Amino acid sequence: MAHTLGEIRQQLFTSVLSDCLDSVGHSNQAMPSRIRPLDEASVLCGRARTAAFIESRAYDAANPYALEIALIDSLKRDEVPVFACANSLQVAPWGELLSTAAKARGSAGAIMDGCVRDVKAIRSMNYPVFHGGIGPLDTKGRATISVIDEPIICAGVAVSSGDLVFGDADGVVVVPQAIEREVLRLAFEKVQGEKNTLADLQRGDLLADVFARYKIL
Amino acid sequence: MAHTLGEIRQQLFTSVLSDCLDSVGHSNQAMPSRIRPLDEASVLCGRARTAAFIESRAYDAANPYALEIALIDSLKRDEVPVFACANSLQVAPWGELLSTAAKARGSAGAIMDGCVRDVKAIRSMNYPVFHGGIGPLDTKGRATISVIDEPIICAGVAVSSGDLVFGDADGVVVVPQAIEREVLRLAFEKVQGEKNTLADLQRGDLLADVFARYKIL
Amino acid sequence: MAHTLGEIRQQLFTSVLSDCLDSVGHSNQAMPSRIRPLDEASVLCGRARTAAFIESRAYDAANPYALEIALIDSLKRDEVPVFACANSLQVAPWGELLSTAAKARGSAGAIMDGCVRDVKAIRSMNYPVFHGGIGPLDTKGRATISVIDEPIICAGVAVSSGDLVFGDADGVVVVPQAIEREVLRLAFEKVQGEKNTLADLQRGDLLADVFARYKIL
Amino acid sequence: MAHTLGEIRQQLFTSVLSDCLDSVGHSNQAMPSRIRPLDEASVLCGRARTAAFIESRAYDAANPYALEIALIDSLKRDEVPVFACANSLQVAPWGELLSTAAKARGSAGAIMDGCVRDVKAIRSMNYPVFHGGIGPLDTKGRATISVIDEPIICAGVAVSSGDLVFGDADGVVVVPQAIEREVLRLAFEKVQGEKNTLADLQRGDLLADVFARYKIL
Amino acid sequence: MAHTLGEIRQQLFTSVLSDCLDSVGHSNQAMPSRIRPLDEASVLCGRARTAAFIESRAYDAANPYALEIALIDSLKRDEVPVFACANSLQVAPWGELLSTAAKARGSAGAIMDGCVRDVKAIRSMNYPVFHGGIGPLDTKGRATISVIDEPIICAGVAVSSGDLVFGDADGVVVVPQAIEREVLRLAFEKVQGEKNTLADLQRGDLLADVFARYKIL
Amino acid sequence: MAHTLGEIRQQLFTSVLSDCLDSVGHSNQAMPSRIRPLDEASVLCGRARTAAFIESRAYDAANPYALEIALIDSLKRDEVPVFACANSLQVAPWGELLSTAAKARGSAGAIMDGCVRDVKAIRSMNYPVFHGGIGPLDTKGRATISVIDEPIICAGVAVSSGDLVFGDADGVVVVPQAIEREVLRLAFEKVQGEKNTLADLQRGDLLADVFARYKIL
């Protein structure tokens, strides 16, 4: 039985998904610690829509943002733009205007290994953004999207449009479609086991005893 | 007509200033994303007063902080100490005592590519500090100011005493005096255009249509 | 007369301890600025219990966390696990379960130069954690503890079990046992001097005059 | 009167070109020191042909190197492939086979901010390669060319197909076509001045006197 | 039929081994480009013997090098010490004396992600060393071996004692024992195909034609 | 009895000096591995003459190199300019002309944590230069010397004019004047012990036996 995105968002978290990805042999699915949420209280859960930037001073003066616009205007509910930036901290490919447009289409959030700007405005919109840094520099004249909806590598993790992406205060994990069902099954199971472990530790049991009991840490 | 620092502080923000600096060909005026505000709610707007450190174990035992003191005691209303630190994260050249002294002179905040310390106390003073990191290490025996009020490069951006410096949650931009009037004129214009763009996106218009309408993104 | 950990926690802070460590010739006792508290309001003050990781894909399937468990289950009141991680940001050796178990033993907090996970849960427990980053990756299959309670170097600072460790919003300092008494004596003295300096600066005195008066900055 | 590539290669060098680029206000034309020649004795002088990579695990199994092949097979005499690599040191987009094919077309050398492999074979061919590192990893399954002959940024320097690229033991400089004539004129002049300065210093004159005489250092 | 280490050393090279490791799905077997040979003409081919360091100021004054000595004195012909250094560039765990002792046992070379010292002497011995840097600092008081002959991660690559390690001017690859036979079979095949490709390119054939002919690049 | 610089240059080397500095408690006297000799065959032994740069776009158009010239023209036999560069790899403060002028004064070489240029010419002069990188960018408009002959920190090591500086293929060590006599005494002793160790290892003795015999490794 498939889980809805709403169930996943409410009941799972990045740590348990990361552990279950590990347990099926996919140990490179978590973005590194430099990718952070704009708001640590936010939870992002949706389907990736990918874009990759290359660095360039050149741009089409008539429409320097053609592919950004194409991607954002085609977003469907719960989709998540995932931007791979050629040189991540020199540009901020995401800001208030794209957040506003994406949210209006039902987007579940955005992920990028480059910078984000207009962060006060975005936080006040409750639109989850996971980013590599905060800075004001526009992409125009610095970088340009070369492809959209192609498989990319963002912050070291392979992402294809349609992959499940999940982010919370602990970071971002990507669940490839081919193993999504198996990973989610394991994760919903493990969440229950962790609750038992936690309860026993809270009442003061020794870790050695609790680990012997549940084999979870 | 010149804008007052109060008007600039209230109506502008780093993203729009960065875009307008770009549009007049000054694309290296934003400090990198590692320079962060101590308090993301704060806005810094003032005139730079520069100092540069060199690393050294030596110091004048009688007065190891002579140039810090000279700079701080000579601050005028709305001036902003900008400290270029030779090895930014090994020392914290700014803390509660300098913040207190600078604020008493009317300083609008401080910027450094090194560390800041006493951060809880500084936050409670509502004195804006933009920094390269947080750490407790004093400069004494680690670094020393070699010049004040000379043109420096702080966090990769050239700054001269008198330049307009502006910082908010998105980072820090420096507006050289020679282009200040032109950049401010463009920025006040662009702020209005962005409001129109935002309103149309909020009601659900497609980015493609809104961009065609206002040519702003 | 020795100071209690409670007095130290309430009256001292990392900046003053760092300055006093400097003044007795120990200038490498502060962890670098990349080691941050999970909660900037927290203060950690306790006695170190050390562990060092080495990177490895191998683990004992029956008990991959044997030494973590041995260390945590043997914690005494006010002790602080200090984890030196071989490759700090690739693994998160600390999370909600270890925090819960450690807190149940009376631990005063934890310090690591690797990542921490489950950060929302840990923050809600009011258990101080100082870390090199936030990320979801478990150590199993990535790194393993090779020794506990041996002298280590964590984030560049030598730490032995029993050393006084102190952390607050400004970072972490380690006070070696051999100089603890002297450093604490100096620190309690300096705290009083800084209060005088601060008061005079708050009423608008020039730094030059205040520094001449108290020789503290 | 225009200089031939042969005259430029024989008489100029990167330092003098860099100084002359500085003197016409183009101070960001030298690649950083991490870009090194495979053979410090080689001199590269030619016209850029650009390509940009994006990171991706995906590739066309039938022809994973389609754009590499298109670029190399279309090289004309004295042209220089310049490869901007999305994540420079994870892949080696250049090796013995591409060197052989490019040299057979008359290429003057190759430049990349990624890695090169097969370095012993390439050195023995006397084909100049400037690179960001040496490593064996193929691009297939790691990165893919997304565009060729578009303006790119390689190692931080903007490059367009047709630009003059010059490399020697001191590194690589890029001379944009729009200023090429002026920069070359200045460089041929400065080379003569430096010879005079050098001769006077070699006979033991003081720097102060020699600098006063020629204003060159 | 198994290949001897001598055949492997003479006929294979890191690029072809890396490609064949890729083709069987092991894409993380090459050490990064910062690991370099002391002498680019050397070829290292042997069986790993692993050790892992942890950083520590403490050491056993009576025998600070106990595990180094145990490992080196137990080396058999063609074995290769592989040292994982906790903080690679702060210490030089390898030098002339260890090289001399290891070579006397028949060791085929040494690999470390830390520094090496006494490099002029080692080069004159024709003993292959692959290292992360060159520097004079002894490990004593800086780092200590915590385990030998356990599975480790050196420069990001998992290595177990007994694994085939191969290094040349292009870097270092590790071939795990479980896939060694298959990888070697593919590599000896591919070497022949590359010779054909190379010959055709040398006579001026287009890359497109040659790639269509042999499917090798 | 004091040793002459000639004896030190001929008989000692950085590794043994580093070990002896360690043994008298000075463990931070070796520059990091990124500081390399232009020519690995060269040996530098002399007395430091210090200078420190700060980054700045400004310069005195009439004499942008005033302090460089003052330092170089005042060099005495065996003195060694040591340049601390504010942002080491963005500028090349040393090149052929300064090498020529310094060598004409009898300078024993130069050390900098920034870049060097004109490296082919300098190598052919047999003038030892130890540097942080190679690149063509002039300091004019990028950095400026702010002090000469003051105590500085170069590549993390404190250096004062008059200190003994020693460089060879293994790197650079700085011997402070206050401990020079003691360190040299130990070093000349240790050199002899290492010869014995080496001879025994070369004839095949076990490390364990040789270490027991001489206590040197």
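Per-chain numbering from 1; labels A, B, C, D, E and F assigned in written order.
Criterion: a contact is a pair of C-beta atoms (placed from the backbone, for glycine too) under 8 Å apart; a residue touches a chain by one contact, two chains touch by 3 or more.
Everything quoted here is computed from the prediction, not taken from an experiment.
Shared contact partners of subunit A and subunit C comprise B.
Of all residue numbers seen at the subunit B-subunit C contact, under half occur in both copies; the interface is built from largely non-matching residues.
Of the pairs listed in A-B, A-D or B-F, the one whose interface repeats that of A-C, with over half of its contact pairs matching by residue number, is A-B.
Rotating subunit A by 120 degrees superposes its CA atoms on those of subunit B, with the angle stated to the nearest 5.
Averaging Cα coordinates per chain places subunit C and subunit F 37 Å apart.
Once the centre of each chain is set as its mean CA position, subunit D and subunit F turn out to be 31 Å apart. The mean-CA centres of subunit A and subunit F are about 48 angstrom from one another, to the nearest whole unit.
Counting partners per residue, subunit A has no residue that reaches two or more other chains.
Under the touch rule stated earlier, the contacting chain pairs are A-B, A-C, A-D, B-C, B-F, C-E, D-E, D-F, E-F. Across the complex, subunit E meets subunit F through its residues 63-65, 68-70, 72-73, 89, 92, 95-98, 100-101, 104, 115, 117-120, 132-138, 140-142.
The part of subunit B that touches subunit A in the complex is made up of residues 13-15, 17-19, 22, 27, 30, 32-34, 36, 40-41, 168-171, 173, 194, 197-198, 201-204, 206-208, 210-211, 216-217. Interface residues of subunit F, counted against subunit B in their complex, comprise 52-58, 84, 86-87, 146-147, 150-153, 158, 160.
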